[in-house]
Structures are given as C-alpha cells and as structure tokens.
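Should a chain be cited, it is by its letter among A, B, C, D, E and F, assigned in written order, with residues numbered from 1 in that chain.
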Amino acid sequence: MPIVRIELLPGRSTETKAKIASAITEVLIKEGGGSREHCIVLFEETTPDNWAIGGNLVSSPAFAETMRAYKERTAAKG
Amino acid sequence: MPIVRIELLPGRSTETKAKIASAITEVLIKEGGGSREHCIVLFEETTPDNWAIGGNLVSSPAFAETMRAYKERTAAKG
Amino acid sequence: MPIVRIELLPGRSTETKAKIASAITEVLIKEGGGSREHCIVLFEETTPDNWAIGGNLVSSPAFAETMRAYKERTAAKG
Amino acid sequence: MPIVRIELLPGRSTETKAKIASAITEVLIKEGGGSREHCIVLFEETTPDNWAIGGNLVSSPAFAETMRAYKERTAAKG
Amino acid sequence: MPIVRIELLPGRSTETKAKIASAITEVLIKEGGGSREHCIVLFEETTPDNWAIGGNLVSSPAFAETMRAYKERTAAKG
Amino acid sequence: MPIVRIELLPGRSTETKAKIASAITEVLIKEGGGSREHCIVLFEETTPDNWAIGGNLVSSPAFAETMRAYKERTAAKG
C-alpha cells in the first residue's frame, strides 16, 4: 500500500521513469508485502535552481566546485 | 489550522479548484474545528508520466488495460 | 485518483477523521471526477512544538498572545 | 541525487527497511544515474487510523469489506 | 542533515533563492548542528491558482478583499 | 506566505526549534517578502531507522563507517 514520492532533477525520459516505478514497486512488494494495486509512485522534478545542497543551489558555480573537489578526493582514495 | 495538500492529475479548471478548496475548508472547520483563516489548501498537479499505480505509469497502455479490466469486473458485479 | 495529505494538530478522534476522510472524498469525486477507489486521504499529526506561525511555535506564549489580539480585532470589527 | 519518501503502514522491521532502502538506491543509480552519496530514502509510517482509501479509514470494518470483495473478484477472474 | 522544503508563490529570482538557501543552511548548522554537506533546501513554487487560504484561492477577488481588510485592521491598531 | 517543512533527526529541544523557526521566518520575510502572519514552519522528526543516505540507514554501522571515512578525507585535505 505504500506511496512513494521521488524528488529528482529533470531529464529522465518517460521510459526511464517507467523502469524505476516498476522496479521500486517490485522491491516494495517483495520486501514489504502489500497489494500491488495500491502501490503508488510519484515523480516530482525539481530544477537545479530550486535545489540547494550545503547552502549552494545545484545550478551555481559554487556547487560545481564542491562536486569537483569531492570527486577528486574520492579518486585520490582509489 | 490544517494544511491540506492535494496531489492530482492536471485538467481541473480554476473554478473547480476554487469549489474544492472551499468545500474542503468547510468540512475541516465543521468536523475538526479550528480557525478558517489558517486553513490552507494546496493543489499539486502531477502528470500521468510522473504517476505510477501498481508499477505502471498512468500514461502507459498497461495502466489503461488495468483500469479497463477493473471497470469490467465492477460492472459484472452489478 | 487524488492523494490528499492533511497536516493538523493532534486531538481529533478516529471518528472525526473518518468523517473528514469520507466528506473530502465525496467533494473530490463530485467536483473533480475520478474513481473513488484510488482516492487516498492521509492525516499527519504535528504537535504544537513542531508547528510555527509567524515565527512563533504554536505552543509558545507569544503565539497565544498573537491569537488573542487577532480575535479581539475581529470581534471589534463586529 | 534523488530524495525518496516512502509512506507506509507501520510494522516493517529495521532489517526490512534497510533492504528496501538499499534496493531502491541501486535502482535509482542504475536507471537514473547520479551519485550514490546524495541518494536519500525516508520512511514515514502512517497508522491505519490516519490512512483512508475510497473514503474509508484503513482501520475501519468498511475498508476490510472492500478489500475482501476486491480479492474475491480477483480470484474469480483466475 | 536536515531536508528543508519551502513552498512559496512564484516570482523570486534565482539570486533571492540562493540567498535564502544559504541563510537557512547557516541557521540550521548554527542552531541545530549537523554537517553542512547533507543540508538540503528545496523550493517548490505553487501558483495563486493552486493555493487557498481560508477557503479562497489566493488568485481570487475574495482573497484580495480579505487581505485588504486585514491590513486595514492592522493599520488601525497602529 | 511560504510554508516550510523541515525534516530532521530527533533530539533538538523545543527552545532550539523555536530559534530555528524564528530565524528562518526572518530570512524569508527579509529576502522573499510576504506577510509574517502567513509564514509557517513545520518540523518533522525522522528517526535514524527511517532515514537512509547512500543506501544505508543512518542507524547502521555501514553509515557510521561512511561518515568516518568522509571526515578523514576532509581532514586530510586540510
């Protein structure tokens, strides 16, 4: 019976969303039980101008820099 | 004082939404008490491409088939 | 098909919630159309310690004062 | 980067939730891309007294009857 | 680690949203603790046609009248 | 007029929440405009058993390890 709301950046195709909704529904029925008919998945697209992480909008240069530094650190770790 | 969020498919007119918001506010004041001034109703429109039931997007042929079968069964019941 | 989420202060009985859910479902079917079977109403209770209006928690003396002043002004208007 | 909120009835163990969160995260990374680190899954438990489908609280006898009739119809279909 | 969702009328510039996200993140780290990296702020714009207060859509003449009366009362109080 | 919902781990005192609600309301009025009276802040506490990041529940040993490694990398960066 669960209701799932997925907040994500725009850009996924309808085909991708269909796969995600189907796979998540299978996970919920297999692990959590409940009737398939009442399992609802909602996608809510939020643009990079409306989404901030660590105080910076995802659309900002400051955020890109944060992500670049993060990837560098991760790569350096091997 | 309640805050009501209504997630629905697009297509209702502003007039329809005005009626829904007004009627729901009356229900909440009559049954639940509280001040009218702080009763808030928000509509959030979600397209059929972003809404899945039973693992199928509402915009998909598979969903239409599910609904057709459901109506048939209901009609057969009388 | 709408999904309705109602955020409210605790204290309503199950009987009251049942009446609210039923009445709101009727409103949505009558005004907005759609199948009754997929109309969902969720109640989410939020305590006065977790709810602020105008910058004051509903549980605070400052909020009580705001409401008292508001009612006075409204009564004075007739 | 998605944020997933799952509204469900109480009763799933922490182990079950861990499996659901892990599996959903894999689905989102595989199908939708994005960094694992920013994939968030939130569970929100809502009791049967706070959840209505078709105008009846899930905790009500009327809802149990609806579900029984639904299963009968489905079984009759084979 | 908090996730903040801000529902507001459209019309704020990206620059304004950037300032709001940054300031709110500072408030949450200063007062509530937790890591900046996992602090998320989401803006969700809701049009006046989809937002009702006191049973009237914000886009309706009735709402404008309510607000005018409210401001008059407040001004009269001095 | 904004409605702010803050999802956070339990453990903040009412005093802390009062400060957060007040400070966020000031930010929203200063930067975004709008009437103080209709600015609403809601806190929703979600336990570490109901919150996953990167596929691991915040209550799990795997998550603690992720955070430890992350802090080490950050410290190593200077």
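The definition used in the following text is that contacts are C-beta pairs under 8 Å (C-beta built on N, C-alpha and C of every residue); 3 or more make two chains touch, one makes a residue touch a chain.
If you're wondering where the values come from, they're calculated on a predicted model, not measured in any experiment.
Novice: Give me the fewest steps it takes to get from chain B to chain F if each step has to go to a chain it touches.
Specialist: When the steps are counted carefully, the minimum from chain B to chain F is 1.
Novice: Please flag the chain sitting at the greatest distance from chain B, going by CA centroids.
Specialist: Using the mean of the C-alpha atoms as each chain's centre, the farthest one from chain B is F.
Novice: I want to confirm something about chain D and chain F. Since they are copies of the same sequence, is their interface symmetric in residue numbering (over half shared, so same) or not (under half, so different)?
Specialist: Comparing the two copies, chain D and chain F contact each other through largely different residue numbers, since under half are shared.
Novice: Sort the other chains by how far their Cα centres are from that of chain C and give me the top one.
Specialist: Looking at centroid distances, A is the chain farthest away.
Novice: Going by the touch criterion at the top, tell me which pair is linked by more C-beta contacts: A-C or A-D.
Specialist: A-D
Novice: Averaged over CA atoms, how far is the centre of chain A from the centre of chain E? Could you give it in whole Å?
Specialist: The mean C-alpha positions of chain A and chain E differ by 24 Å.
Novice: Using mean CA coordinates as chain centres, what's the gap between chain C and chain E in Å?
Specialist: 19
Novice: Which chain A residues reach two or more other chains?
Specialist: Touching at least two other chains: 3, 7, 37-38, 40, 42, 51, 53.
Novice: Using the touch definition from the top, list the residues of chain B that touch chain C in their complex.
Specialist: Of all residues in chain B, those touching chain C are 1-9, 12, 16, 19-20, 23-24, 27-28, 31-32, 34, 37-38, 51, 53, 58, 70.
Novice: In their complex, what parts of chain D are in touch with chain E?
Specialist: Within the complex, chain D contacts chain E at residues 3, 40, 42.
Novice: Can you name the residues of chain D that touch chain C in the complex?
Specialist: Spelled out, the residues of chain D in touch with chain C are 7, 46, 49-57, 59-60.
Novice: Considering only the defined contacts, which chain C positions touch chain D in the complex?
Specialist: Within the complex, chain C contacts chain D at residues 14, 17-18, 21-22, 25-26, 36-45.
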